[in-house]
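One chain, chain A, appears in both complexes that follow, with chain B as partner in the first and chain C in the second.
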Partner chain A sequence: MRTPLAWLNLTHDRRKFATSLLGVGFAVLLMFLFTGFKNALYDSQVQLINRLNADIIIINRLKNNMFVPSAFARRRLYQARALATVASAYPLYLSDVRWKNPENKTTRPVRVLAFNLADPILPLPEIQAHLDQLKLPNTALIDERARVEVGPREAGVVTELADREIRIVGTFSLGTDFASGNGNLIMSDQNFLRYFANRGPEEDERSFATADIGLVKVVPGAEVEAVVAQLQERLPDDVKVMVRSGPGDSFEAQERDYWRDSTNIAFVFSLLTVMSFFVGIILVYQILYTDVADHWTEYATLKAMGYSNRFLFGVVIQEALILSVLGFIPGFLVSHLLYGGAANVTGLLFQMTPGRVLNIYILSFVMSLISGAIAVRKVQSADPAEVFG
Partner chain B sequence: MRRIPLAWLNLLHERTRLVVAIAGVAFAVVLIFMNLGFQGALLKSTTVMYDEFDAEVFLTSPQSLEISSTKAFPRERLYQVAGVTGVERVMPLYLEYMLWRNPETRLSRAMFVFGINPQDPLFLMPELRTPEAIQILQQPDVAFIDRLSRAEFGPQTTGLETEADRRRITIGGQYTLGGGFAADGTLIMSDQNFRRFFAPRPLDMINMGLIKLKPGTDPEAVVAEMRTLLPKDVRVLTKLDIILNDTTYWLENTAIGFIFTMGVIVSFIVGIVIVYQILYTDIRDHLREYATLKAMGYGSNYLFQVVLQEAVILAVLGYIPGLLIALGLYRLTFNATQLPIFMGLPRVVIVLTLTILMCGISGLVSVRKVVTADPADVF
Partner chain C sequence: MSPTVTTSTDCAVQIRNLNYYFGRGDLRKQVLYDINLDLPRGQIVIMTGPSGSGKTTLLTLIGALRSAQEGSLQVLSQEIVGMGNRKLVAVRRNIGFIFQAHNLFESLTATQNVEMAVELKGEFRSKRSQSVDILTQVGLENRVDYKPDSLSGGQKQRVAIARALVNQPQLILADEPTAALDKKSGRDVVTLMQKLAKEQNRTILMVTHDNRILDVADRIINLVDGYLESDDNLDTFVSTHDPKTLDRRMFIM
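So, the complex of A and B:
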């Protein structure tokens, strides 16, 4: 068996090896952290959309993101139902409103999601479990992942919503985003009218004549894209019909694009990720350079023995690889913990998908490779005669 | 004779490694600067409008969270305090969002609207203070547009007509303000136009009351007096307090505070690791020399000092390029995003302190090896 030179070089000094791994791990952690924040901010925006029980979404033409409060005429949904390929079409009502924290009496904006409880709008078992209580006046479910500023998120809380009494009968789990303010509430459409039909001159009056989001289910076997085209054709131009999620022209993509284009999130976090990448290069370079410097005479001896530059190059690149793999593992594990903690504190959705993990790994590999390539130049120029001279 | 600058010579001994070390510290410094910069810029951008308000005291509803989510309160509260000594002028401010249609793309987007009495010199922007501007603002369905509004709102030429909340609106002029976090674009219109666009909202409910004091009046004293005069349905704040209130809101209610604070902490730890690596390698390489020094009678104290000196030298040498790179990146960020990201003296000092602390901690961790070095062992 060949001597695993790269491995032995690295592990020669255990303590230094540990510091090296720590260094790579931290660079990985930094990249995970900043890309994680970026992704969380985007993912959180679409988590509600992706959970809506619909194939197709109908919205007001002006609603180019969830912030825009424009609603559309509910009769468009009845028109949609006339299509043979449409199985059902349901309205979802949204409104932002002030919620009073029952403990410190401060008010915070929350988002109310309201719908006819008989309609399968959101596949949450808690809605079915609390169906009877939700049918009572002035009741709602609260998101247990709402921000702590709203106070206790549990059944039994009695406080004020839009200056009216509200009783929380249960919880569900959704999470916050930019548009939802501090959290979400779910209530019946009848209760929605109680709170929002007349909120004074400052606020828009709400009624069942308009809906915020229309959820359309197609009959089994029908092709969704074709139904979208049919609906857009049949319905007036005051509404926009789109596929719920997926790439291309979907409601989810529209929301993502809006946040990408109208905020600096991408710029800020991409810059920070790039910086972390450079920090990583420097860290790994330091490690490899010290290693090369330490084993300078050994490398020269190998050369004198007839090993080629390519072989030595291979050794340093192998070291880079080993570092990138071994450093990645602790970096990944710590990041995983941090994601969990950050999700708890912020209520944002932190997802570590295999694709993203792979991306960061590739980044840390390239990082190690670049450092390796820089460090190796010194080995290549090593002249045995000089070293022992 | 001058003492031999041992720390300096140790570091200088191997040039390439020193350069890498400095680069490492510099990047950690840049990361800290960028995190603080982004956080500061985002918070600053939320309160830029206050700098352009020509008032010292502000009235808001206790239910108002920050400038873009205010709750209206009765205008009488403002008139109740108009007679307080030292008050020069009281000015109501109306705030609301409105959908503005880009005449080119025909897409609508939410615009933040300031409604003012055109006769009130409420804003400091010179464009709004000329008699012509006041005359234009008084015309029906005319508004001034913020030059810093996002490009998605469309052209901003004077005289341009478009649609806003289903009414025709004409651009009467431009000003430079910036809407910050909550607004992609802002408009200023007269209170009468505000009434037209946001009917049925009455003008006797205002979102904010601005109070201009006579020169030389102490705002704190006026605020204290006003608090005794007004009922609890309105808060009285100085300009400094209201800016602090808004900043705190954004810091606590968005992930901004959390994200960037975490960024700073992790960058700081990374910095420690980088410097530790450097110092550790240095100590290991010079262990014989250190041991010799010890054998010669130098105390642990002296060696301790040498390592700490190296740490501080690294901190300062890394800090300088870090600061310069950060300045460049601030500039780049400002050009790319218009975020008000600027270097302030407190931040320069704080980061320098953090850097020295960072290197100091690494020094303390790595110095143990020197202190425990036993000359007999080494040889």
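So, the complex of A and C:
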């Protein structure tokens, strides 16, 4: 076996090695954070959509994102049920409304999700657990991941929602997004009417005649895409029928595309990621350059002994790769912790999927490789003749 | 022991009419003038001369560390003049280099430093035993797995010598190998080189200003201002270069 020169040179000075790894880890951390925020902002927009218990979504044709309050006629759902391939079709009601923080009495907008509690709209165990209490007037569940600005997120809170008293009987866990304001509440459709049927002169009144999102389940064995086509064909053009999630023409994709095309999220965070990438290149280059500069005469001696430039390239590139692998580990671990912390503070959904971890690893690998390629030029210039005299 | 005309196969190094220049164009400056030199196998040759006389340049030319321009320079029966870089690298593998500084990797143990040389030959299985062998010969059998920072100056230089000798090169080039050592370590190092050279019939060319070690030489050549000024055996050199009559520049370091 060859003497592992790259490894031994890097690890010879333990403290320097540790600082080098922290440096690389920091660059990795920055890339993780910025891509994490970018992904979290997109992922959070669709987390409610992805948890709806439906194969197919029916919405008002004007509702091109969750912000648009346009509702559609609930009878479209009955029309949909007439189709043999449709197993069920349920309405979900949404409304943004003022919530009073019980502690400091400031009002903040929250989003109310309301549905017939008998309908399997959201598969959340907390709904079943508090079913009896939710049937009582003026009760709701609050999202424990709502922003701190709404006050305590726990059962027993009594405050005002749309200027009416509301009692929180339990919590569930969902998370916030751009359209949800400061958080989500879940209540029964009966309570929804109590709050939103008579809202005063300037506000839209709500009734069961319109629904915001229709949730359609197909019968087992039916082709979802085919049912979508059938429904769209059968129903009037005031509604839009689409698959719930997945690539292509889905409700989830529509939401993602809307936020991607109408905001600068991708640009800002991609720019920050690219900058972290260059910071990483400079960091790794510094580390490698210092190693080469410190061992300049030794490397030149190796050349005098008959080692080729290629061998020395190999040593530097190996050092770069060792740094990228070992520096990635602390960067990844700290990022993991920070994702958890950031998710708690913002209520956004921070997901570290294997694919995203791999992407960042590839970035840090390329980062080290580029630094190595620059530092190699220094080794190449080591002139063995200069070691004499 | 005085130089005689020999055929190239008997010589580790044969130099004919060698000129060497630094720089190009208007800045071109000649540093070596019409050097003719034969180094027969098994001979220990010390090269002296004032600073700037071209000793190191000549040493690096013989060591295939530079490409020569004019004349003929045969090292171990291969013509260096006009040779490409890749072939120069191959020639170097048959030459042992010992430098003024030991140039050992601080991160490698004594044996790993020596093993780096064995690996050039691709002998990975026996590299440890070869290395321990040569380290034993230089008297470091108890320091095999020590790193340079826990070795003394003399010990480090002996590791460097072991590294230069482990591949049994026919030609050894040394540049002030005793300069950084005290009197006793310097003496030990030179005696060791002499012993290994005599036992194994190696050619050693050593640049030194150290008068205390001149006695190991079979032959002393003196380079002044790029010209080979004298080429004597030891006794002649001592009598003609008596410090009282000597050009004082010789000993300016």
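The rule we apply is simple: the second predicted complex is superposed on the first by the 387 of 389 C-alpha atoms of A that agree within 3 Å, B and C clash if a C-alpha of one lies under 4 Å from a C-alpha of the other, contacts with A are read in each partner's own complex, and residues count from 1 in each chain.
To be clear about the criterion, contacts are C-beta pairs under 8 Å (C-beta built on N, C-alpha and C of every residue); 3 or more make two chains touch, one makes a residue touch a chain.
Note that the coordinates shown come from a computational prediction; the quantities given were computed from them, not determined experimentally.
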{"item": "Combined model on chain A where chain B meets chain C, clash or fit", "value": "fit"}
{"item": "Which of chain B and chain C A:Q318 touches, first, second, both or neither", "value": "neither"}
{"item": "Partner chain in contact with A:N182 - chain B first, chain C second, else both or neither", "value": "first"}
{"item": "After the two structures are overlaid on chain A, angle v-u-w for chain B, chain A, chain C in degrees (C-alpha centres, nearest 10)", "value": "90"}
{"item": "Touching partner for A:N138 - first (chain B), second (chain C), both, neither", "value": "neither"}
{"item": "Chain touching more of chain A, residue-wise (chain B, chain C)", "value": "B"}
{"item": "First, second, both or neither for A:S276, with chain B first and chain C second", "value": "first"}
{"item": "First, second, both or neither for A:Q232, with chain B first and chain C second", "value": "neither"}
{"item": "First, second, both or neither for A:R147, with chain B first and chain C second", "value": "first"}
{"item": "First, second, both or neither for A:Q79, with chain B first and chain C second", "value": "neither"}
{"item": "Nearest-approach distance, in Å, of chain C Cα atoms to those of chain B in the combined model", "value": "13"}
{"item": "Chain B and chain C contact sites that coincide on chain A, given as residue numbers", "value": "none"}
{"item": "Touching residues (chain side chain B, partner chain A) in the complex", "value": "14, 16-17, 20-21, 23-24, 27-28, 30-31, 34-35, 38, 63, 65, 69, 71-72, 99, 107-110, 150, 152, 184, 200-202, 205, 252-253, 255, 258-259, 262-263, 266-267, 269-270, 273-274, 276-278, 280-281, 284, 329, 333, 336-337, 339"}
{"item": "Chain A residues touching chain B - in the complex, by the definition given at the top", "value": "15-16, 19-20, 22-23, 26-27, 29-30, 33-34, 37, 40-41, 62, 64, 67-68, 70, 98, 107-109, 147, 149, 182, 201-202, 261-262, 264, 267-268, 271-272, 275-276, 278-279, 282-283, 285-287, 289-290, 293, 338, 342, 345-346, 348"}
{"item": "List of chain A residues in touch with chain C within their complex", "value": "1-3, 5, 8-9, 11-12, 295, 297-298, 300-308, 383-385, 387-389"}
{"item": "Of all residues in chain C, those that touch chain A in their complex", "value": "55-56, 59-60, 63, 65-66, 86, 89-90, 92-93, 97, 99-101, 103-108, 112, 115-117, 119-120, 124, 163, 175"}
